[in-house]
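Look at the two complexes coming up: subunit A is in both, with subunit B in one and subunit C in the other.
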Partner chain A sequence: MLSMDVILVTILAAGALSIIGIVVGLILLGIDRRISARMQARIGPPLRQPFIDLKKLLSKENIIPENAIPSLFNAAPIVALASSIVVLLYLPIGSMMPILGGYGDLILVMYLLAVPALAMVAGGFASGSPYATVGAQREMVSMIAYELPLASIVIAVAWLLYSSGIADPFALSSIVANPIWSLVGPIGMVGLFVLLLTFAWVSPAELSKIPFDTPEAETELAGGVLVEYSGKNLGLFTIAQGVKTLVMGGLAVAIFFPWNLSPLLGLAGYAALAVDAVFFFAKVILLMILSVTVIRTGLARFRITHVVTLFWVWFGVAGLFGLSLVILDSVLAGWF
Partner chain B sequence: MSDGTPTKKAPYVVPIGPIHPALKEPVQFLFEMEGEVVKKADFAPGQTHRGIEWMGMHRNPVQIVHLTDRICGICGVTHSLAFARAVEQIVDIEVPARADYIRVIIAELERIQSHLLWAGVAAHELGFDTLFYLAWRVREESMDVIEYITGNRINYGLVQVGGVRRDIVPDQHPTIKKCLDGYRDLLGKMLNLFLNDTTISIRCKDTGLLTFEKALELSCVGPTARASGVVKDVRVDYPYSAYGDLDISPILPSAYGGGINGDVYDRIVVRLLEVAQSVEIIETCLKEMPDGPILWESKLPKLLSACKKAHGEAVGRHEAPRGECLHYVAMDGHEAPAMWKVKASSYSNLHSWIPMLEGEQLADVPIIVASIDPCLSCTDRVAVLRGVKRDLMTKEDLHRLSVEKTRRIQGC
Partner chain C sequence: MTLSPSFKRSLWVFHFNAGSCNGCDIEIVATITPRYDPERFGVRLVGSPKHADVLLVTGPVTKKMAPRLRRVYEQMPSPKVVICIGTCGQSGGVFYDSYNLDGPVDDVIPVDVYVPGCAPRPEAIIYGVVTALTKLERIERGEE
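On to the complex of A and B.
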C-alpha cells in the first residue's frame, strides 16, 4: 500500500540523511583528530581537514595496480560506502524514526555493519599486494573476534524488550521508545553497564582504530588493506569511515542513550525533530570521543593475536556476563 | 591463524623496504612468512651508500673532522670524536684536559637526545603516537642545550683535532643544569610510561630475543649487547677523554630490578637508564671541569703541518649512543690520510636482526628492527652495481677481488 508520495518522501529523506550523514561523519573524523592532537599537546588540524583531504583525494586519479582485479578493487569502496549509508537509514536520528524502519531490524543492522569490513577485505585481497593480503586476513580475523561481544549485546537488549512484553523486540524503533535502563532493576543496571563498556571497546575495533588498527597498521603494513588505494577510491573509503563512525555512535545512542531533549523543552513538530537531531549528533560526538579518541590516544597497537584473545576471552566473557546479569534481573523481577 | 601446527600452505614472501613507514632509513628485508609468523628473515643493506670515505681521502684531517659530523644525522659528535682521537694518536697530540671534559659533556648530551629520539621512534613503531610526541617534546630540551653550547642542533662542529672549538663558560652552567634537573624529574615519569604501560609490556616482553651467547657471537655493541647481559662499554673498558676520571659502570637491564631477557623491553630499560646515567655524568663533568686551554694548537696551519708530517696508523673508538664506533686512520706524510675507515656502531648490530626476527610475528617486525636503533646511512660503506642490477658479493668474491687488487698494485 505504498503510494507514490510515501516513496518520494522516503527517497528524498534518505538522500538528505545520506548527505547529512556524510558531512557529520567527516566532521566527526575532524573532531577526533583535533581532540587527539590536543591530548598529545599538539595543535592539530582544523576541523574541516577531512573535507580538505577528501576534496584533494577526489581530484586525484585512481591508480589500479597491475596485478589487481580491477572490478573487485573498484567495487569495494562503493560497497563499503553504500552499506554504511544504508545502516544510517535504519537508525533513529533523535525523535525521527528510522526512514527504513519498516524494512529491517537490529539483526539486519548487525549484518550491514559487517559489510563495509567485508568490502575492505575483498578490496584488500583484490589489490594483489602482500601488505594488503596480510591486512585483509587480519581484518577478517578481527571481524570474527568482535562479533561475539557485539552479538551478546544485541541479544541482551532483545531479551530485555521481549521479557518486558514489548512487541518487535528487535526493531530499533521499539528499542528507542523503551529506554533499556528503565526496564531493569539494580542487577540489570550493572549488566547493562558491563554491556555498555563492551560496546565502547567494540567500536574502535569496528572502526579499525588504535589499538585495533592491525588491518591497517601504518608502521607494519603501510596501510594494509588500503595500501594500494588512491585518489577517488581512497576518498570513498574515507567517507565510508566517517559514516561508519557516525553509525557506531548512533547505534550506541539508540541502544543505551535514547533520551530526547524535546519532551523536556516542551517542543513539538519540526522544531522538536531539529532539536532532537542536534542533540543526537552531540551525543554521538561525545560517545565517539570517549570510546574512540581517548582509547586510541592512550594505547599502543595490539598484535592480531591480542585482539582475538581480548575479544573472545575478555570481552566475550564480559558480554556474556552482562547478558546473564540482565537475564537474572528479569527472572528475579518475575519472581517478586 | 598461526598456531604452530604445520600447515600445508606454501610460505609467502613479504618484502619490507627499502622504503617503508617502519624504516627510518633505507634497508631491504625479505621475510618468508607462514601466516603471521616470520619463518626466515634476510636483509640487504647498502641502499644508501654515499661515498663519504672517498670524499675524506681527498681532504686534510681538519676538513675531515667537519665531514665526519655529517656521517650521521643523530650522532653529531660520535664520528668526529672517534676520528679526532685516531688522528691525535698518529700525530701524537695531547688533548687539553678541559677539552676532554667538554667532549664528554657533548657526547653525553648527544646520548640523551639520541636515546629519547629512539624512545619516540619505538613508541611510534608500536602505534603509540602519544608517547612518541611526548618523548620528542622532552628531547627538545637537550637539543636546545646542545644548540646553546655549540650553536647547532645537529652537525655541532664542536670537535677539532687536538681539542674542541668552543668552551663551556660558567655563565652557561645554569641553563645546562636546568635542563639536567628537568630530565632528573622526568625520568621517573618516562620509566613509568614506557615500562609500566600494559600495551607496551605485552608487545615488548619476550619479543625480539637475543640471547647472551648470540650477542657475544655476533659481537653486538652498545645497548643492544648490554640488554642481553653483555657487560660491554668502551667508556668503561677502554676509558678515553674524561671517562677515566668518572665512576661509571655499564648499565644492564637488571639495574631496573628485573632479570636479563635480552628482549625489546630490556633494550628500552637500558636506554632509559642510560639517559639517567648521562645526566649524572654531565653534572659531574661540569663540576670537575679543570681550567686551561681547549685546543692543543689554535692556529690551523700549524696543526695541519703537524698532521702532514705524521706517519702511522691508529684506531679511534668512542661509545656512541648505539655502541662502539670505530675509525681507522692511516697517514703517510701527505695532507690527506692514506686510509680512512669508518665502522659505525650499527654495523656490529645489524646481524642480530636475523636471530631476533625469526619466529616472531609480522606485527613485531617494526619494533624489533627499531630496537637496535639502526643507523643505516652511517653503516653503508659499499654498494655493488653492475649496470642497473644490484649484485650480491659473497666472501669468496670479495677475497678474489682483493687478491686481484693486491696483484695489480704489486704489478705482477
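On to the complex of A and C.
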C-alpha cells in the first residue's frame, strides 16, 4: 500500500518534470531550426522561436472542419501530448531514477512511443480531408516500418543484460546502472555501434522529420495528418513534437550513453542531481543535433516505398546484424 | 481584433497562385532563399491555409480560381492578412481585358496590402509584409 506522501511527491515531481520536459522540448526544436539554418548559410530564427510560434497558435482561431469527427479530432492532440509526457516520466533524467520506474519497463516505453503516432493517425482520419487520410495511412506504414529495427535494439539490450546475469533486464533503471558498453568485448562493441547507428536513423522516423516526413509532406500533402489542424490543436501538436524529440534523445542517452558527471566530480545529494540533469540535457541536445538536424538538413524526403524498404531491409538487417554480433560476443566470452 | 505581440514574430505564409504567369511566384521563392532569410523573423512558408497567418495572392483571378480563392481565404483562421503580390492582382496587368478574368483580387476577397511590380522584387515583398504588420497594429489601436 502506498502512503499518501509518496503519491503526493510522485504527482508533484511528475508535474514539475512535465513542465521541464515541455520547455526543454521546445528549446530543442529551436536549436534544431537554428543549427539547420546555420548549415544552409542562413542566420535562422532565435532559439525562443518555438515559444513565439506556440503563443501565436494559442491566440488564433481553432477551426474544426465541417466533415470532421469533433470528439476524435480534438482528442488526438491531447492524447499525443499526454502520451509523450508519460514516456518522459519513465525515462531516467541523469542520476534521477524514473518517477514511474517501478510501474513499467523498456517494453512499455516502446508501446507508449507508438501512442503519439497513433493519435496523429486517429486525428488524421477524423479530419475528414483526403490529404489527412493519405497522411494518416503513410504514418501507419512508416510506423510499421521503423518498429522492426527499434525492436531489435531493445531485444539486444535486454538480452545483453540478461546474459550478464543482471536482474530485471528490461527495467530502464538497470539499463542505466549497467552501461551496455562495459558488458561486451570487442565484437559486441561493433554490434552495439551498429545498433547505435540504427537508433540514430530510427529517431528521425519516429519524429517524422525529413527524410522520413512522408506523412506530413508539406509539398505534396499540404501538411498531411496536420493539414486540418489550426490554432490551439496545432499548438498542442507542436508541444507534443518537442516532448517527443526530448524523449527519443533521452531514450538514446539512457540506452547508449548512461554515464553521469557527478561520480567524476565527487558530488552528492541535490548538487549531483542538478549537475547530472544538466549533463543529461546536454547529451540529448548533442545527440539530437547529430541524428535529427544534420540528417534533415542534408537529405531530401524519401518516398513512402523507400521508407519501408530502408527500414525493413537495410536497417532491419543492420539491427539483426548488431544483435547477432552482441550474441556472438557473449557466446565467445563463454567459451574462453 | 486582438493581436498578441508574438503574432508579429511568427508569421506563417501561405502562397496562392490565382492564375499568375509564375513570375511573382518565382520572386516569392527568391524571398525565402538564404540571401534574405525571412525565417530569422519567424516567417515560414506553410503548406496548408489552416496553418497560415498571411495569404500571398499572385495573379489576376481567373474565373476557375475565384471560388477556390474564396474557399482558401475562408479556411484561414483569423486573425489573418491578405497581401496581393504583383500588378496583375491589382488591375489585371497585361491581362486586364481578358474574357476569363473574375476581376482583380480585391473583387473576390478583401486585400490588406498591395505590392506592385511585374514582378516585384523580393525586397518589395518583404516591405509588403512589414506594411501589413503596421496596418494590423493600426487596426488594433482603433485608428482605422
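Here, the second predicted complex is superposed on the first by the 336 of 336 C-alpha atoms of A that agree within 3 Å, B and C clash if a C-alpha of one lies under 4 Å from a C-alpha of the other, contacts with A are read in each partner's own complex, and residues count from 1 in each chain.
Methods note: a residue touches a chain if its C-beta (ideal position, glycine included) is under 8 Å from a C-beta of that chain, and two chains touch if they have at least 3 such contacts.
None of the values given here were measured: they were computed from a predicted structure.
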| item | value |
| --- | --- |
| Combined model on subunit A: subunit C and subunit B, fit or clash | clash |
| First, second, both or neither for A:Lys244, with subunit B first and subunit C second | neither |
| First, second, both or neither for A:Lys283, with subunit B first and subunit C second | neither |
| A:Ile304 touches, of subunit B and subunit C: first, second, both or neither? | first |
| Which of subunit B and subunit C A:Glu228 touches, first, second, both or neither | second |
| First (subunit B), second (subunit C), both or neither touched by A:Arg42 | both |
| First, second, both or neither for A:Asp213, with subunit B first and subunit C second | first |
| Touched partner set for A:Ser59, first subunit B, second subunit C, both or neither | second |
| Offending stretch of subunit C which, after superposing on A, collides with subunit B (from 19-27, 37-45 or 73-81) | 19-27 |
| Residues on subunit A lying within both footprints (that of subunit B and that of subunit C) | 40-42, 131, 218-219, 222 |
| Complex contact set, residues of subunit C against subunit A | 2, 4, 6-7, 9-10, 34, 37, 39-42, 46-48, 50-51, 53, 75, 77-79 |
| Contact footprint of subunit C on subunit A as seen in their complex | 33, 37, 40-46, 49, 52-53, 55-56, 59-63, 131, 218-219, 221-223, 226-231, 234 |
| Complex interface listing, subunit A residues touching subunit B | 39-42, 130-131, 133-134, 137-138, 141, 210-211, 213-214, 217-220, 222, 297-306, 308 |
| Subunit B - residues contacting subunit A, complex | 1, 12-15, 20-22, 33, 36, 123-131, 133-134, 137, 197, 199-200, 202-203, 361-366 |
